[in-house]
Every structure is written in C-alpha cells, then in structure tokens.
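Pasting a structure here, questions to come.
When the chains are written out, they are named A, B and C in that same order, and each has its own residue count from 1.
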Amino acid sequence: MSADATQRAPQGRTLVAAPGSAGLARRAWPWLVAIVAALLLPWLFFDWSTRRHSGFALTMLSEIGLMAIFALSFNMQMGQAGLLSFGHAILFGLGGYCAAHTMNAIKAGAMWLPVELVPLVGGLGGLLFGVLFGYVATKQRATAFAMITMGLGELVAACALMFMGFFGGEGGISTDRVTGTSLFGVSYSSSWQVYCLVVAWTAIAVLLMRLQTQTPLGRMANATRDNFERAQFVGYDPRMVRFCQFALSGFFAGIGGGLYAIVYEIVTFDTVAAAKSATALLAAYIGGAGGFFGPFLGTIVVVLLQSGVSLLSNAWLLYVGVLFIIMVMYAPGGLVGIIAQHAPIARAGRLRELIVPYVRILLPGAFSVFGFVLLVELASFTTIGAAQGKAFKIGPHAVDPATAFPWLLGAAALIGGGLWLRLEARGFRARWDALIADAKAKGVML
Amino acid sequence: MAMRILARAAGVALLACVALAGPATAQGTIKIAYTDPLSGPFAQVGDANLKQMQYILDYINSKGGALGKKFELVPFDNKSQPSDALIALKSATDQNMPFIMQCSGSNIAAALIEAVDKHNSRNPESRIIYVNCGAVATELTNEKCSFWHFRFDAHVAMKAEVMARALPKEVTKVYLLNQDYLFGQSVQRDVKTFLAKLRPDVQVVGDELIPLGKIKDFAPYITKIKASGAQVLITGNWGPDMNLLIKAGIDSGIDLRYYTLYAHIAGGAVAIGPGGDGKVRSVMSFNENVAPEIGNKEAEEWTKAFRDKYPFDFYAAGFRTIFEYLQEATNKAGAVDPLKIALALEGLKHKDFLGYETVMRKDDHQLISEYFVGTFKKGVKYDSEKTGLGWATEATILAKDLEQPTSCKMTRPAK
Amino acid sequence: MEVFLVSLLNGLVYGMLLFMLASGLTLILSMMGVLNFAHASAYMLGAYFAFTISQYIGFWPALVLAPLLCGAIGAAIEMYGLRRVHRNGHIAELLFTFGLALIIEKVVQMTWGLIPVPYRIPAGLDFPLFTVYGTQFPAYRAFMLLISALMFGAIWLGLTRTRIGLVIQAALHHPEMVGALGHNVPRVFTTVFAAGTALAGLAGVIGGNYHVTEPAMAFTMGPIVFVVVVFGGLGSLTGCFIASLLMGLIQTFAVVLDYSVADLLKWFGLTVTSATPFHEVLTVPLPRIGALLPYVLLVLILVFKPRGLMGTRDT
C-alpha cells in the first residue's frame, strides 16, 4: 500500500489526498473531459444538410442529464444510506412544480430571477418537502420506511390529480422558459442552449453530491447502512442521519425537477407518480448502487430503453423485465460492479488476455439475443403489432410471421446460441479464475 | 460474466437497429406522426386507434392520397407521459413531418399544444400541425386555443349538450358521477350547465367525483344512487372506472339507465355484457349500425370489411373524416407546407362519408359534425365484440345544432 | 339503515377478496422477507387461466385447475429464480419480482390481447340470492364469501393442525432456528411460495369475473394489497384478516359518508370560505378521498406502530 493512499473507493479508484495543485488537476481532469465530451456529443447527430441540431437527440441527452441527477439523488438514500424509497419521485415532481410556478411568476413580472437559477428554486422546493415528508418517513427504517414512502407517494400522486391550485390537475402547470431574464443574456429558445444549461447544472449537482459522500454526514450514512447497531455507538443519532440524508437527497431531486420544468416547459402529475420513482430505482440498480457513478450509467441505459427502444418495439417493457432478471441473478452489482470486477486484472496487467475469451462468448451471446428478440417480436407482432399494416421487417428484408421459417430461425438461434454459450462460459470461467488467482498472487486485489 | 457479453451484444444489436431504422425511409410520402400510449395500462386505446387509422389510411391512399403522394403513419409510444409525447414531437420535427396526431389524454394534449406553438414560433423552418383526434377538454379550443391545433372530436361541452338533448322527456332525476380530474370535472360542470339551460325540469339529485382508476368496488356508489331515487346516471367515466361501474349497477339489478361518453370504445361491450340490454347509452361519433340505418350502402360495405378483420368495433371510423380533411386541405394548399395547409384547413367544409355536412370552424379550429346517441341492445344488425348486442342509434344531433360559442382568441402567424 | 346494511355487506365482500389476495402475500413476506411484486400478477394469471379453462371445460374444473397452475408456476419461480437471488439481498429479490411482473404482464398481453376478455360469472351462480331493501344481493357474492371463508378456515387448520403447518408457523417467526433444527427450510420456502401464489390465483379465479379481466388488473390491484399486508403486520394471518376487512369496510363506508373537514370545522363554529388558505383541501368530501384512506392509515400505523396491527416480527 503506497504511503499517500488514504482510502480506496469500491471502484478501485484511489482517492489520493495528494497535496498541492498537482493533485487537484489530477482529480479534476476526468470531470473536465466528461463535460467537454457531453458538449461535443450532440454534434454527432447534427444534420449537416439543413444545418440544424437534432431536436430529438438534444432532448434525449437533456433527459439523461436531469434523470441522472434524479437517480443519483435517489442513490443518496438507497446506495449511501440503505434507505429504499418507493416515493422519491414526489420530491422530484414537487421541485418541478415549484420551478414551474416560479417561471410563471417571473414571466408575469411578479418577481425577478435569472432563468439559470430556477433549478435552484426547484431544489429548495425539494428540500422543503424533503424535510416535511422526511420527518414522517425517517421515523422508521428498512421495510417500514419503504412502505411509508410508498404510501406517501400514492397520496401525493392522487392529490396531484385532484387539486387544481398548485398542481393544475390533469393538465399540469405549463410554463415558458423564454422569460428574458438571464445572467448571460441567453434566450433559451433553442434546445442547444437549454442543453448547455442542463450540462452545467448536472456537473454542479453531481460534483456536490460527490463531495457530500465525503462529509461526516455522508460517512455516517454509509456506516448506518453497513452496520446499524455498531454505528449507533459512534454517537450520532441515526434518526438525524437518516433525516438529513433524506432532506438533502430531496434538494438534489428538486434540482432535477427544476431542470425538467425548463426542458419540457410543462409539469404534470406523472412527475410524482410511482412510475417515475420506479425509473430511479431501476437506473440506480442497473448502473450499480454500490458505486457513486453507477446510477449515472444506469440512467443512460434506462433512458435509451424507455425513449429509444420503445420507438422500435412494442415489447420494450418485456426487454426491461428480462434485463432486470438477468442482472439481478448474475450481476447484482450492476454495471459498475461488472467493471469493478475487472479492475484487479487490469492492475495485474493481464486484461488483454480476456479479449479472445470475450469474443468467444460474444458470438453465441449475440445469437441468443438475436433469437430471443426475433421470437418476442414475432409473437408481439402477431397478436398486437399487426396494426402497423406494414410487413414485419428486419432491416430491409420483409419477413412473414405466418410462415414457420422465422419462428424456427428464432428458436434455433436462441437454443443453439444458449447451448453454445454454456459451453464457452465454462472455458471463460476457467480463464477468469486463473487471472484472478494471478492478481491475488501479485497482491493487486484491492 | 456472461451478462456483460450479452449486454454488449445487445448494445451492438440495438445500435445496429437504430442505424438501420434511422433516417426517413421512403421519400415522397406525407408523414403523420401519431403518438398515444402503445404500452402499459392504456395500451389498448392506442393500439385500437392505430389499427383503425391504418385501415382508413390504406383506403385514402388507394384514392390517390394528396398531391400524388401517399400518407404514412409513424407511431410513437408516449406511455401516457407528456415528456415522451414531447420527445416524439422533437423526433417528428427533426424529420420535417407536417402533422402530429394524438387522441388520448387531455394532459398530453395540453402539453402538445403549448409545445407545438413554441416550436413553430421558434423554428419556422420545421413547423408542424397538431391534429387532435380525441382529447376533449373544452379548454383546448377555448382558453388554450392555438392556430396550429385542429380538433376533430366534439369537446366536452358539446358532448354534454348532446346528452342533455337526448335525455327522454319522462326523466326528471339524474345522478352525476365522474372521475376527479380536469376532464371529469369538466363533464360535471358542463352537464349541469346544459341541463339547466335545456331541461330545467330535471333535478340533479346527486353529484359525485371519484379518484381516477382507484375504485375497484362500485357497489357502495350504486347503493347511494339508488337511495337518491335517480332514474338516470350520467357519467364521463372511461376504462375500468366505466366498466366496473356499469357492471356493479347491472349486477345489483336496480332500475337505472346509464348515459355515458365512452361505453362504446374497445372493451366496453364485453364489460357490459348481455345484462345491459337496453340500459346503456353512449354519445358517439359513429357506430357500425348507423350506415344500414340511414341506408348508406357504400359506407356499410366499407365498415363491414374492417369488422371482418378485427375483433373490436370500428368505433373510430369517424377518423376517416379527419384524413379526408387533411387530404382536401393539402390538395388545396398545393404544397406540403404546414402554414399553407393550416390556412386551407380552417373554415373548410366537407361532407363526411355518411353523407352529413361538417365544417372545420375558423374561429377555434374545432370540427363541428354530427353526433349520435346509441343504445346498447339486442336485435341490431352488427353486434359489438361478439356479445350478441350492439349499438342502435337512438338520436342524431346534426352539426348545425351543435355549434357553441367560443372564447378563443388565437394569434395568427405572419407569413 | 338500508344504506348501512348494504354497505356492510359490500364492504365484507370486498374485504374478503382483499384477504384472499393478501393472505398469500403475508405468508411469503413474513417467511422470506420477499416483497413480491409479482403477487398481483399471479392474481391476473389465475383469472386468465380460469377464463381459458372455463371456455373449454367449465368453471368448476377451472376453480381447481387454475390455482394449481399458478402454484406450479410459483414453485418454479422460487426454485429456479428466487433461490439464486436470495443471497443478493432483499432489494435484489424485490427487483427480481418486479422484472417478473413486467414480463408476465407483457406475456399476458401477447397471449390474450390488450382488450378485456369476456370472463363471465357461470350461469349456475348468476342469480340474485336475496333482496335487501330493494337492492339485489347477487348469489355470486355469497359464493365469494363462502370460498374466502373456507380458505381462511383451511389455512388456519393447515397451519395449526398439521405438522408441516407447525413447521411453517415456526419458520414464520424464527426461520434460522428452524433450519438449525434440521428441517428442510428451502423446501418449506418453496411450499409456502407456491401456496401463496396458488391462493392469489384462486383469488383471481373468483375476482376476475366479478371485476373485469384485463392486462392492467395486476397494476391496479397491486398497491392496496401491500397496504393490507403491512397494516395487518408481519407474521400474523389474523392481523391480515382484520386489516383486509377493515380496509374493505373503510373504503365502502367512506363512499356513503358525504362529509369533509370543513363540515367538521363547522361543528366547532369555524366556517371555511374560498378565501381560507388550503380551502381546496379542507372542502374535499370523504368519498373523493375514500380510496386514499388506506394509504393514510398505512403511513400512520407505520409511524406509530411499525410492526403493524398484530405483527409479531420486525419488518
């Protein structure tokens, strides 16, 4: 263990408390790279013929940004403090409603606030409700806490439909982000400008949440998650720890909600509904609740599935379900967990030796996936999707689901690919174990 | 470990699909983006609509489409969430589609109207027209009206008027039960207004709002209704709220008639069942027995062909009127230019396929067309969803009797 | 008086239906700590299986076969899925059942279509049993009451009088100790999971034709069942029974009591006008929020008595 290594985070990255500006630059550069990459990403979808940004791509990327803040704030409760909440969306949505009302007030001239600070108002709204609901919810922990949050979630969602004054009922509260108040003189009428704002706020929020994990509150939250009884002996009131963590996560969720209000210019009751809370849970779990950046990865996957795959297939919900089941059974640490498992081998310098074994599983894996997707799409098409009136197409080839051929092809690919995969998996497992043993021998496991 | 590979493979496959499906497919078609819930609890609505619309479009295209091009329907699943509908809008405008169509959910419609307005004013080179085929909150062509929004279904106030007009003379006590959100509250308010105006002799003995989609057991409500002595129950409920309500009522055997707005859409007939013979009425833009009743052979043949293909009613045949309007307006505009088409569309008059006169009013972009009140009973020519019972037309309200004043003040775009 | 009696009967029927659903979940949750999101899906499957079976064979065979099918599926899920996930913690189990619920809903949609299926009350039971103050009480509702009562009796007898029942009871309270005593705890788990799923399937057979059988029925029934289970308390079937009846009666009576907080305040001499802050909240009449009362009760009891009404174990 090197002298200046203070802690090791679960991802295997060293949190080195190196002195001086050299250390700061070293820690800051991944963040800067990420921000620059985020700003460059929309140019991949730029339509050079009409010289226009793809509105669809910009909206999707903005959605990823604000949902990532939401999922990370959810993980402040689940991953950091061990509090599983089924109603986190109410903090997100209520923050959104606050932001929407604020923008309407700005537009009407009742107050002055630059548009760039509107997400902050959302955050404060989320904080307020986090304190309110947190007072009730954090009286308990574990399953009782989860059930209380579920009850609160259902209540707020039902109220959002019934009460017109604050929630605007079914139509929601619509707003206009082009208020003419801006610190930088930007109008925010184009999706590109909004995206830049989202990137800025995402960076700020993620940075703040990251720093929070290293505060005493963040550390105590981890402690109460890992060993509740022992943590009580440290001296902090575990109830206060839970409560503060809950309220702070509400603050960040509210920032996400404020950004939602700016991007979509309308906030409706589905922002507080159970489905939204479920999205955060899925994103956090798929990405990996153990690592800090897990929920960010998970959000990318979930948003692509929800808004991207659903455009291609009716059965996207089925794929989501299957993805979960596979992840839960074979990769409970999420995507981050999978990456972390490779870290020791990388440190031992033998990562390259995994390439061939990976290709050997990739091929049968691709076959199985293809076969499964084909079967599901065929089944879905014959009972539901025939609506399209178009023929069932794989790329440019039209396939008739009434004949036996595509079904047989799908079944063969699935079963054949599956059996072949099992064969290869054994070889892969052997290779993997050998590499891990080698890493252990070299002492680079952790 | 296998999981990682599978995940990667799935990712590659996905990207490949996206790349293949990517940019606009056929050149030379007029694309209509259609967004509705196509998955999740309300999927049956979007799915049924999609099937009916595709059938109609095939017919319209067989009659030449517009400007020599065929219409193409591009579905987008919005999962009942406004944010997804707005993403669909972005995708549609990216591909320069001239129309976006949406039928289900006034909350989504409200979001779309505003978004389309803002987009069109900020991006004049990729304008889009919003065709509303079923979101009926009255506000959308009154306070919230917009030049780019065209509604092709009668709004709540108009449907409430139809119901009030169709109420038989001998009914003096009615009970109102609606879902507790903007639409249901709208029904409640408008029905009371029109009853007071057209039927001052009728007494509203009960007025109830229920939480949306939460009530499983309507028996207690039936008890209350019976205790109030009402002869008729007027409700705007749809989906499970309607199915369970009527089922509970019929099971309890009380002497009550049901006047509804949505008993005729997919799933309603099955839910009502044979026990509802003669008891349920619905306000509808079309039912399959209208054509034989008025002796229109051609319309009857056309709707029958759909019926032979699908297990549910062709209740949205009225959508043919929508597409005929779009066809006529596009031809009149001479180019696939949303501004020109919109200007051609407003004020357009058209005789629909049943032979009735309709008009797309210029002031508020609301279609004024005929409406029917149908009774669910035995002994009709075309039954619903193989139950043996079907909808027979009890009353027809013509377009000219349905015109209502509007408070719309829309801003027209400069060229 | 009329309204009271009819509401009482209706509340009992609804409560017993809830109990049929919730009993299985209580067993599963108490024993294995698994928040089974797929429980309502088993309810849906029971209804659909019964529909298909009754189309080809009849309702009475369906009454027996459909729950058995559901139970078999439950056993398979437990043996090949949950058991593997168990070591990854409760959240993993929860997500597993959640993914399962999504898959089942989609498969049901693909198999039986999106619109409701015409699963009807059998002709033999479709008559009014008696009339209460002019409102008919259908025989089918009495049948539902009968089946749920029989079920409760069977469960109670099974748990208290048979050997396996005693083992299950013990495992309900102290699973680790039972394992240490040498009983095959995994097999007990599988049995309980299968039994719980079968019970949900039975509830579906009975409730599916009483309500409407459609793919969304799992999604709508799900949350209220969780409320009942948690309210009744873990480890206690009697608590579950009481909670189900309580929820059923509350929701039924809330509908007929047309009062609001503003009415209550009027009693104390305070009038609420449209200028009063929160007047929208204060003037909401009870029927409008009747369906929300279970959730309010849930939050209240968890805050003050986290073990639930009669819970014997900590959650």
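Keep this in mind: a residue touches a chain if its C-beta (ideal position, glycine included) is under 8 Å from a C-beta of that chain, and two chains touch if they have at least 3 such contacts.
Small disclaimer: the values here were computed from a predicted structure and weren't measured.
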*Identify the chains in contact with chain A as well as chain C, in label order.*
B
*Pair exhibiting more inter-chain C-beta contacts, B-C or A-B*: A-B
*How many angstrom between the C-alpha centroids of chain C and chain A?*
32
*Indicate the whole-number Å distance between the mean C-alpha point of chain A and the mean C-alpha point of chain B.*
35
*Would you pick out the residues of chain A that each touch at least 2 other chains?*
158, 162, 164, 317, 384
_chain C residues counted as touching two or more neighbouring chains_ = 109, 113-114, 288-289, 291-292
_Junction residues of chain B - those touching two or more other chains_ = 43, 47, 180, 211, 214
*asked:* Please output the residues of chain C touching chain A within their complex, sorted ascending.
replied: 33, 35, 81, 84-85, 88-92, 94-96, 98-103, 105-107, 109-111, 113-114, 223, 226-227, 230, 280-281, 284, 288-289, 291-292, 295-296, 298-299, 302-303, 306, 315
*Can you list the residues on chain B that touch chain A in the complex?*
1-10, 12-14, 17-18, 20-21, 38-40, 43, 47, 50-51, 54-55, 57-58, 73, 75-77, 79-84, 86-87, 90-91, 93-94, 106-107, 110-111, 114-115, 118, 122, 125-126, 137, 139, 180-183, 185, 211-212, 214
*Give every residue of chain C touching chain B within the complex, in rising order.*
2-3, 6-7, 10-11, 13-14, 109, 113-118, 120, 128, 134-136, 138, 140, 211-212, 214-216, 219-221, 224, 248, 251-253, 255-256, 287-292
_Complex interface listing, chain A residues touching chain B_ = 47, 50, 52, 54-56, 58-60, 63, 158, 161-162, 164, 169-172, 174, 176, 178, 189-191, 260, 264-266, 268-270, 275, 304, 306-312, 314, 316-317, 326-327, 330-331, 335, 338, 358, 361-362, 365-366, 368-370, 373, 384, 386-389, 395-396, 421, 425, 428-429, 432
*Okay, in this complex, where on chain B does chain C touch?*
41-44, 47-48, 180, 208-211, 213-217, 219-224, 226-227, 240, 243-244, 247, 251-254, 266-267, 270-271, 273, 311-312, 385, 387
